[in-house]
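Heads up, the next two complexes both have chain A, just with different partners, chain B and then chain C.
== the complex of A and B ==
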């Protein structure tokens, strides 16, 4: 396995907004992490990048094994060598992800110069090549532009180029299409899928869009309230969703043959980290809630297949 | 950029006109006139009228304004009524002292303030930040003249390292610079610190960390550059202050300067001298704001493009 998270718990002061997160991704594989806002998807990504201390959090328990090395407790100097080098991040909003006062090109160059030790001109050559790979028209002139002179989709390609500059093995894309026009979203997802397939990158695709999951991912981790509630292959997940939350999420995908006014939603709201219900965190919104769910937290049991579900009812069935 | 600068320069003309109006008329709102200062006790009303006529003070204010403005446009600021010397000569004699102290204080407060702000922001929430923030609070509350007196007591009287007062040699500039610069340090440090912290929260900084760049590179090459935009605004407002803001400091250290010249002129209702000094200070403020705008536009690529 390229990346293996086991029973990860993230703590902010007295709160643990992420707990018992177990998931893994291999080279050339695409893992989707889905869930509503506040489900802990981005925090998990931040933890893998080792950037939790920047926002006042820390890993309280569990392991993040990258290519055999546990990143939890790794000295910052060594973490920095991985960050942007072997592990790269793509953020949600390309409008705010680039330094508006710096030209595009040098921003892409940075990681290559830092991690691959390239000279200024070698890094530039590499950046231009990456930009061409990502189908950015006329890379040489885009190289000298400022971020505000590009469209959102172009900027996201630049952000992807920035992530690729350090020649990563693992790419974490945190809602890479959320801020983009629908027409551009599919292109960006396709670029990411191609990268994983052609370059053999491990890709973690964080999204709340089940459509993107179905289109792109090999495996899926469904998160709710900071916990992984279901872990499965993408086909199995859509054909036989086991967790009631996953089932509800799939019901929420709009289809063209639906009758007017029949869009469905999950009743209730995601509880805040400070006000988690006892027992299963989904129980107040769950259609199949049993007495046991209100007292006992279900554990994610991962089988030999690597699939698993954290639900008392689904396990009994 | 050049077009933008030229347009801003043309816009200065109406500003200059309004400033000249205010500068000319405002002194007339103050009760009393310079004639009182020229007459000996027991002078007759005829002598009064005679002097008024000599300086044109018997004519209407509007008339006086146009006379003043006419001379001004040919570069003549008039003659001091009390001292009997050309206003421009008096300003020219005092200006270098003001410039010397003002520039020294501005440089000192800018460099120290930015450095302190960057350090505080980089160590946000730690003891280092607390200490710097504490000094910022102290610096913005301690009156500069009081600090000046304290500095004189310690470094000039007790230790004897520098002269007590006057404006001879660079050593006499040290204490006034510190005293006059303190408020500026606090201001610049506070703005720098907050701007750095706010910039650090932006997505692009997260992404810079995600590239694995060392934090000090991120702080100095990226965050500081963004944080300098509000700092430049603050500094451009301080440029005007450079010439006239150090009046109390000039008094404490018995230094000549534009500030003390203006205060003396005000007390004596020396109209032409007051107007000349005020005009100099107002122009310094306007030019400061202009420089600030140009520098800011030059810094931000978006503004550069729109305004070019």
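== the complex of A and C ==
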């Protein structure tokens, strides 16, 4: 396994917004992390990047094993070498992810110069090559533009190029398509899928779009309130979702053959980190809630297949 | 980056306000730079036969109590005023950038200690701090430069700090951090270039104030020592002849006033062109 998270718990002061996160990605594999806003997807990514201290959090328990080394407690100096080098992050919003005072080219060059020790001209050549790979038209002239001169989709490609410049083995894309038009979204997702397949990158695709998951991912981790509630192969997940939350999510995907006015939604709202219900965190909204769910927190049990579900009802079935 | 700046400057100069003030300041700088060649007489040439003469064709701005040519002394005085205030503000901006960036970026105890001291200096009027410092260092141009630099330090440190603090949480900085960049790279390649524009405008406006401060210190006899002319010192010696030779005090005074007004007008034009007023208000 390239990346292996086991029972990860993230703590901010007295709160643990992320707990019991177990998931893994291999080279050439695409793992989707889905969940509503505030379910801890981005925090998990931040933890993998070792950037929690920047926002005042810390890993309280569990391991983040990258290619055999545990990243938890790794000295900052070594973490910095991995960050942007072997592990790269594609940030959420391409509109604000670029420095508006710096030309496009030098921004892409950064990682190659930092991690591969390339000279200015070698980094430039590499960046131009990357830009061409990402189907950016006329890389040589785009190289000298400023961010405000590019469209959103083009900026997202630049952000991807920045992440690829350090030659990463693991790529984390944190909602890479939320700020983009639907047509551009599909292109960007396709670019990411191709990258994982052709370069053998491990790719973690964080999204709240089940459509993107179905289109791109091999495996899926479904998160709710900071916990992984179901971990499965993508086909299995869509055909036989086991956790009631997953089932409800899939029911919420709009389809073209639906009758008018039959869009479904999950009743209730995501509880805040300060007001978590006792027992299973989904129990107030769950259609199949049992008495046990209101007192005992279900644990995610991952079987030999690497799949698992954290639900008393589903396990009993 | 530099293209942006050059364009903004061009835009500033192309307005009426910016054009007029820019032209005046350019003339002033040229005058100061080439003072020895431009002034009609040596600034220290005394001729007791022509004491306190009114402006005439031979002495355009008249003569002072030693029969020295006022115009020549003013041109050389421009040199003193400009070089002292620009050097002082330059030092102040550099120090302010370093201190403000360090405080804003790292925060913590260092930030608290430095900012407390800075706020303390800010609670006194600049003139008071400058007088106190010159009293400690001793009169002379070096003392004045240091005094002015420290008197204006608070302003630049605060401005830079606020800028850096708000820029620090921008997504592109986070993106750069996740590329594995170190603190130096983030500070110098991403934060400072973005924080610079408002600081430079503030520096330009402060240069106007610094010229007044320099003239004030000169007037008190704490700045340039005779025979080196400075506008403040000329006004000071002119007070004695206020009623027999008013030009000796009025003309240098006018020079100070005009210079400061035009610096402010030019600063305004640049603010409009750079569109940093919003950032200014935040700080």
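Observations, loosely collected:
We adopt the following convention: the second predicted complex is superposed on the first by the 317 of 317 C-alpha atoms of A that agree within 3 Å, B and C clash if a C-alpha of one lies under 4 Å from a C-alpha of the other, contacts with A are read in each partner's own complex, and residues count from 1 in each chain.
By our rule, a residue touches a chain if its C-beta (ideal position, glycine included) is under 8 Å from a C-beta of that chain, and two chains touch if they have at least 3 such contacts.
What you see is a predicted model; the values in this text were computed from it and never measured.
Applying the stated clash criterion after superposition on chain A shows that chain B and chain C collide. After overlaying the two complexes on the shared chain, residue contacts for A:256 are found with neither chain B nor chain C.
Residue contacts after overlaying the shared chain place A:162 against chain B and chain C alike. Within the superposed three-chain model, A:115 lies in touch with chain B and with chain C [touch as defined at top]. The superposed model places chain C right into chain B at 130-138; the other stretches listed in 22-30, 40-48, 58-66 or 130-138 stay free of clashes. Of the residues of chain A, those at positions 49, 51, 54, 80-85, 88-89, 91-93, 96-102, 110-111, 114-115, 159, 162, 166 touch chain B in one of the two structures and chain C in the other. Of all residues in chain B, those touching chain A in their complex are 202-204, 206-214, 222, 225-226, 299-302, 305. For chain C in complex with chain A, the residues that touch the partner chain are 1, 4, 170-172, 174-182, 185, 189-190, 193-194.
Looking at the complex, you find that chain A touches chain C at residues 49, 51, 54, 80-85, 88-89, 91-93, 96-102, 110-111, 114-115, 159, 162-163, 166. Of all residues in chain A, those touching chain B in their complex are 49, 51, 54, 80-85, 88-89, 91-93, 96-102, 110-111, 114-115, 146, 148-149, 159, 162, 166.
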